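Structure incoming, see below.
All chains are identified by letter, namely A, B and C, in their written order; residue positions are counted from 1 within each chain.
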Amino acid sequence: MSVSNLLENWAEFRHTHPVDDVPHDPYKWAMSIDLDACSGCNACSIACYAENNIPVVGKDKFEHGQVMHWMRIERYWPEDGREFPDQGATFLPMMCQQCEAAPCETVCPVGATNHTADGLNSQIYNRCVGSRYCSANCPFKVRYFNWYDYPTTENVWPAEMTQQLNPDITLRGKGVMEKCTFCVQRIRAGERAVKNEGRILRDGEVQTACQQVCPTGAITFGNLVDPESKVHQKWKAQQVELTADEQEKDKEEGGTDLRGYRILEELRPYPSVMYMERVRESAI
Amino acid sequence: MIDNNFDRRDFLKVLGWGGAAVALSGCGNTSVEDGKETVVSYVEAAEYVAPGISVYFNSTCAQCDAGCSISGRVREGRVLKLEGNPDSVINRGKMCGLGQAGVQHHYNPDRVREPLLRSGDRGEAITWDKAYALIAEKLNGVSGDQIDFLTGTVSGHTKALLGNYLESLGSKNHFVYEAVSPAVQRAANMKSYGMEMPRFNINKAKVVLSFGADFLGAWVSPVHFSQQYAEFRKGVDGQRGVLVQVESKMTLTGANADRWLVVRPGTEGILAMGVINALGVAGLSLSADVAAAVKPYDKERVSKDTGVSTESLVKLAALLKDRTPSLVLLGSAAEGYAHGSQNAAAINLLNQVLGNVGKTLEASAAVPFPQIAPTIGNTAALRMVNNRLADGQIKVLFTYGTNPVFTAPSEMKFKENLGKANFRVAFAHYLDETALQADLVLPLDSALEDWGTLVAEYQPEGVQISVQQPLMEKLHPETRGMGEILLSLVKQRQPESYKAFDDYYAYLRTAMLKNKSEFANSAMDDDVFWNGVLSAGIINVGGNLNKLSSKLSTNIQLPAPAEQDAKYPFTLIPSVTANLRDGRHANQPWLQESPDPLTTIVWDSWVEIHPKKAAELGIVEGDIIAIESKNGTINAQAYLFPGIHPDAVSIPLGRGHEAMGRYAKGYGVNPFQILDRVFDGETGELAMHETKVKLSKVGKRVIVVKDEGFAGGAQHGKKIAMTKSSDQVDLSEEV
Amino acid sequence: MKDIREDIAWAKINKDVLKSLESPRNLYWVIVIGALLVFSVGVGCEIYQYNVGMGVANLDNPHVWGLYIATFIFWIGMSHSGTLLSAILHLMHADWRKPIYRFAEAMTTFSLMTAGLFVMVHLGRLWQFYYSLPYPNDRGLWPNFQSPLLWDAMAIFTYLSSSILFLFVGMIPDLAICRDNIHSGWRKKLYTVLALGWEGTDRQWRNFRVTYLTIACFLIPLAVSVHSIVASDFAMSQQPGWHVTSFPPYFVAGALYSGCAAIITLFIILRYVFKFEEYMTLPILKKTVRLTFAIAMVWTYLNAVEFASVWYSHDIASKDVLIQKATGPYAPYWWGMIFCGSVVPLILAFKRFQTNIPVLLVTSLLLNLGMWLERWMIVAPTYSHGYYPWTWDHDQFPSWVQWGMVFGSFGWFTLLFMVFCKVFPSVSMYEVKEMVYHRSLASKKLEVSGSQESVEGAH
């Protein structure tokens, strides 16, 4: 590849910002998470460990903040200053938001993290040199770095446990960044499967591991540009626009009856995950 | 072929269908395969195994007793991941974290790999032949009533074989022990509804009032209830279900409640009576004896006793009256007292008064085959075995599926008493605390290598018999399935009756085929039927519904709330967490590293203290606190937790192993040890919440290892996890 | 003002300087061995970190950057001393720079080489560092030209090569002196090659002047750009506390500041070690000190600008970071930075301290400590208190591995310096002669005629 080619096609190499004139076609993977359904049980997080070969780092490394959970469940208390949290807690599953204008992508010196045509924020482990700039610039701090060589670390995957590893996923060695991929291996396998039939994936044919396992069905995943998909319908019903940086819900003073919002939207990363507010009964 | 002189009824009993409440088909079909089939390894690629292509096999999750059907992803002969079986009425394709960690149980590096015979302090590997011979030798001359089995909850054909083996030994001493089990509630339900475990339709209720039932976390069948809960939140006719949780220590379910009412420990029954009283005041018509029974529980008194404000009480009564049907649940927080049965009775009475019986609380189906129906454990069993051990009544003790040395309160001196038995056999996956005390340890297959059937106690629809089949070859050649071992043992005693079965697989297949007509068309080809069973992983049997009765019992004796003990001012609440339960799976690293949902602590135990109380005592997060009860002291790190009554402290169960494996040993402390020996007056169950403790600082401080950061659960004005009041949304318009 | 004895014979200048190349004193060896030991601590840490993983540095999520990046910026800042003295002052005809600029230039080069090491040891996969270079390859893989980190790599590389060139070109006449005065051994060969056949002809001098001036002109914008680009690593990001428009000038000021402070330190040390009291006079020191004071005030002003703009903006997150810096676990370091960076330099305003060697030595070291703290306080607090409260982490502290490498880097820097001192003339002979000559002209009011010839004749 010549430098001239690089310069000519620059815009295509780095199509990051969500623009309406370059629509996603045929896929734009997105999610919707209903906080009113989420019970905080952590099943999704463990499913993620199982699906994506995430190492268990152990107590010492967890203490040093070197845990690798791509999906973490955050627990928030009401901040009303009352003695007891008598409206319970709020649980929030947080993973890579697959931002359309991802702050992590522009800063990687080697281009190891990129936007794919179907709207995923990809991470190329082989290309990563471990500068960790992406994590530094991630507002959600959902990128996890391999501080150690976990595959060879004692008691991470002792002898028999290696047999459990998902062969569709690489094991990450020390020094590379990793994060939630929306289970890209499942998406790609699904795409390949339907390609033979000459069609595109239908809603529900690909599930992420977390979505599949969630006992309360709080996680919806699918193709945002497919009008038939549940995720499309949910985004539409909540009037959340992928390419907007302020949604209907926030435009009106005092809010509307909409529940959909995206986290840290004001920073304009254009996340692909819509959250739906938790609801608490007013009559009690 | 079976000998003709073999009695048909005995034969059914051998196969686990004995005493069946259903009519069985004609006696023509007695031919049995003689076990020529072998389990083909997926490694020796069968024609349906294509390298690089994953195949899914259905089986049953054995991590708890809820009986979820799983679908294991198998590739190149290795099981990779467990997913839910969508056809199962229990879990409908969903899983909990505990269930998914089943692969880590299977691949666990600390599993026992060969039979071990005690030789001094060490275990010496022996052959199975020798182990069986040894058991036969040790049983020789021991009378049946000196042979005991102490097991966890058992069901299916393992239970049938176990029963048959016990009978062959002439023993009736099968004690079923579960350290955390809603046993008090079962007894109370039996009285109130005529069945131990009715069906709870959370999804049909508009209000769920739960007295400490952690149905989203660890109570009865959490994956099933979580799905019901999701429907409940979406609501009937767009009216979102309201969850009110009453407890002294916030559980996962409490954290999801619309209103979490903190009560003084042990006053749950008083609150239930108070709610009935308030309902009467609000205009609900109460029968005369109920009205009389709740008369003393006016809102002022109840408020004073429980700590719940009168305003909350009135609002709650109004809500329950307005929105019907509702559902009242009761869990360990209400059961765990000396008056636990009374609490339970009061709470059940509330359900009855609200008219929920028959609506949101329905009759469950009876398992038509008593031999394979689950025998549910309780703590009274432990007490009985312990007494028998102490009295020297047990010569030979078998333990299976339970770890009493870990879970028995130290005051019971179970470990000491265990030494009084002549010969102790542990069927074990790990060298856990109990196995370490055994003379003979028999290594078990993991649930993913074994054949079996499992029948859950809680049956949401009809009766689902969950079938367990190996998802892969044995990892360790010298482990055996429990069924396999029992078959070998029972063959020692009654070789004639069981000689037709080469192995447990043959036994199980024969048993299933024997009842083919019950499950399918009797004309169906055996192989087709059998393959269908294995493919589905479940068999659904209609099962006759139990008879639901609603007996109003107003004879409820609730003691006044206990005065604060000057010496031991705190009530210890040993909390049951969804992932670790009673600690039997503590050696699965995913579970250790999965943060506790409420505190986000990993890899360690902690003691929850209300921030206000902690400030009084000068305790800050990470202080090592000595928690002292009458029966001992344990040290744990302090965590300031707003969701707990200031007079209570809570320590999670399941950690603090001294043995078991690299991921369990040495992490955390075991609150079972310091429990006071108080029992429920009626059922004799260990009253788990009756332990009183005092706290003192040890003078050491550690960094609490948790996922939560410096900001704790605060958002600092950032719109991250947002909440809306229900009157501001219209859920019916949502997709 | 008679600050250098004009009657120093030019031959004595040669002799003095060349003497510094001769067999070292014991102290030299002590310093070299000391530096080697210090450096080997850093090497040991790096070997450990390379083998085990970055985790041993006690970095974590979200603290993905730590002392490596902070110290990297620190060394980049140090590099500015040389450029400042050689290029800027050269253009401004400040002749007092002449005795010391060679050191300063060497410092530029060595600081950059040290800074480069930190970029390397910071990488999670050091063995793949070349991915960040735009080398042609048939897979069409290019680095990401949008990334400030890539600009960084390029800017540093350009700056490093330019400053090596500048150092070398400026040394050519002196290398010729060395070549002519040393008659055997590897030095002779080395100087012969490096002197590039210098004979001191008019044409050579003319070309030399032009070349030197051109590189000097080229280097000044580079010096400004390299630190502006380092600032972009932060300013171009979206993080609170980093996303500050004033960062590029702030970084340049900080760099000049630490550069000046380093010059004072080195000036004092070299003056003592090499007994250069005759050339490195107190009035020169005084000028440097005054310059340092001025820059310190500029830096303080820019700091105040940053705080003020954060304060009156409605950027809550940035404000939180600022408050955390002042009150959180980093408070001692942050206040230390304010103290060392803004309070300590006030001493320099007093005339009697401007030539007080012990006070100046301590002050200059404190200033650089402050500057190092500044870099750490830019990098670390943003991580512990970013946009996302759940990930706030105030418990992180660099492990001994990080400290070891920071420590080791001083050994590496000293080592390079010590080698340089003995291989190359560390005081510019021809420029000192020029200076002596010009001054003697001025004081004795002599005619200019014949001077050019004499200067050349001194070789």
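We take it that contacts are C-beta pairs under 8 Å (C-beta built on N, C-alpha and C of every residue); 3 or more make two chains touch, one makes a residue touch a chain.
Quick caveat: nothing in here was measured; it's all calculated off a predicted structure.
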| item | value |
| --- | --- |
| Most remote chain, CA-based centroid, reference being chain A | C |
| Of A-C and A-B, whichever chain pair has more C-beta contact pairs | A-B |
| Distance between the centres, which are taken as Cα means, of chain C and chain B, whole angstrom | 68 |
| Intercentroid distance (Cα basis), chain C paired with chain A, Å | 43 |
| Centre distance in Å when chain A and chain B are each reduced to the mean of their C-alpha atoms | 34 |
| Two or more partner chains touched - positions in chain C | 387-388, 390-391, 393, 395 |
| Contacts with two or more other chains, residues of chain B listed in rising order | 703, 708, 714-715, 718, 720 |
| Per-residue overlap in chain A, given as positions that touch at least 2 other chains | 67, 72, 74, 264 |
| Touching residues on chain A, where the partner in the complex is chain C | 1, 3, 5-6, 14, 61, 64-67, 72, 74, 94, 103, 106-111, 127-133, 135-137, 139-141, 143-149, 174-177, 264, 267 |
| Residue ranges of chain B in contact with chain A within the complex | 52, 75-76, 78-84, 91, 93-97, 100-101, 103-104, 106-109, 216-217, 222-223, 226-227, 229-230, 233, 240, 242, 244-245, 250, 252-262, 312, 315-316, 319, 475, 578-579, 589-595, 597-598, 600, 602-604, 612, 642-643, 662-663, 667, 703, 705, 707-708, 712-715, 718-731, 733-735 |
| Chain B partner contacts - residues on chain A that touch it in the complex | 35-37, 39-43, 45-47, 49-51, 56-59, 62-63, 67, 69, 72-79, 83-92, 155, 158-161, 163-167, 212-218, 230, 233-234, 236-238, 255, 257, 259, 261, 263-264, 275, 277-284 |
| Residues of chain B defined as touching chain C within the complex | 703, 708-711, 714-718, 720 |
| Of all residues in chain C, those that touch chain A in their complex | 52-55, 58-65, 122-126, 128-129, 131-132, 136-144, 146-150, 153, 233, 236-239, 383, 386-388, 390-391, 393, 395-396 |
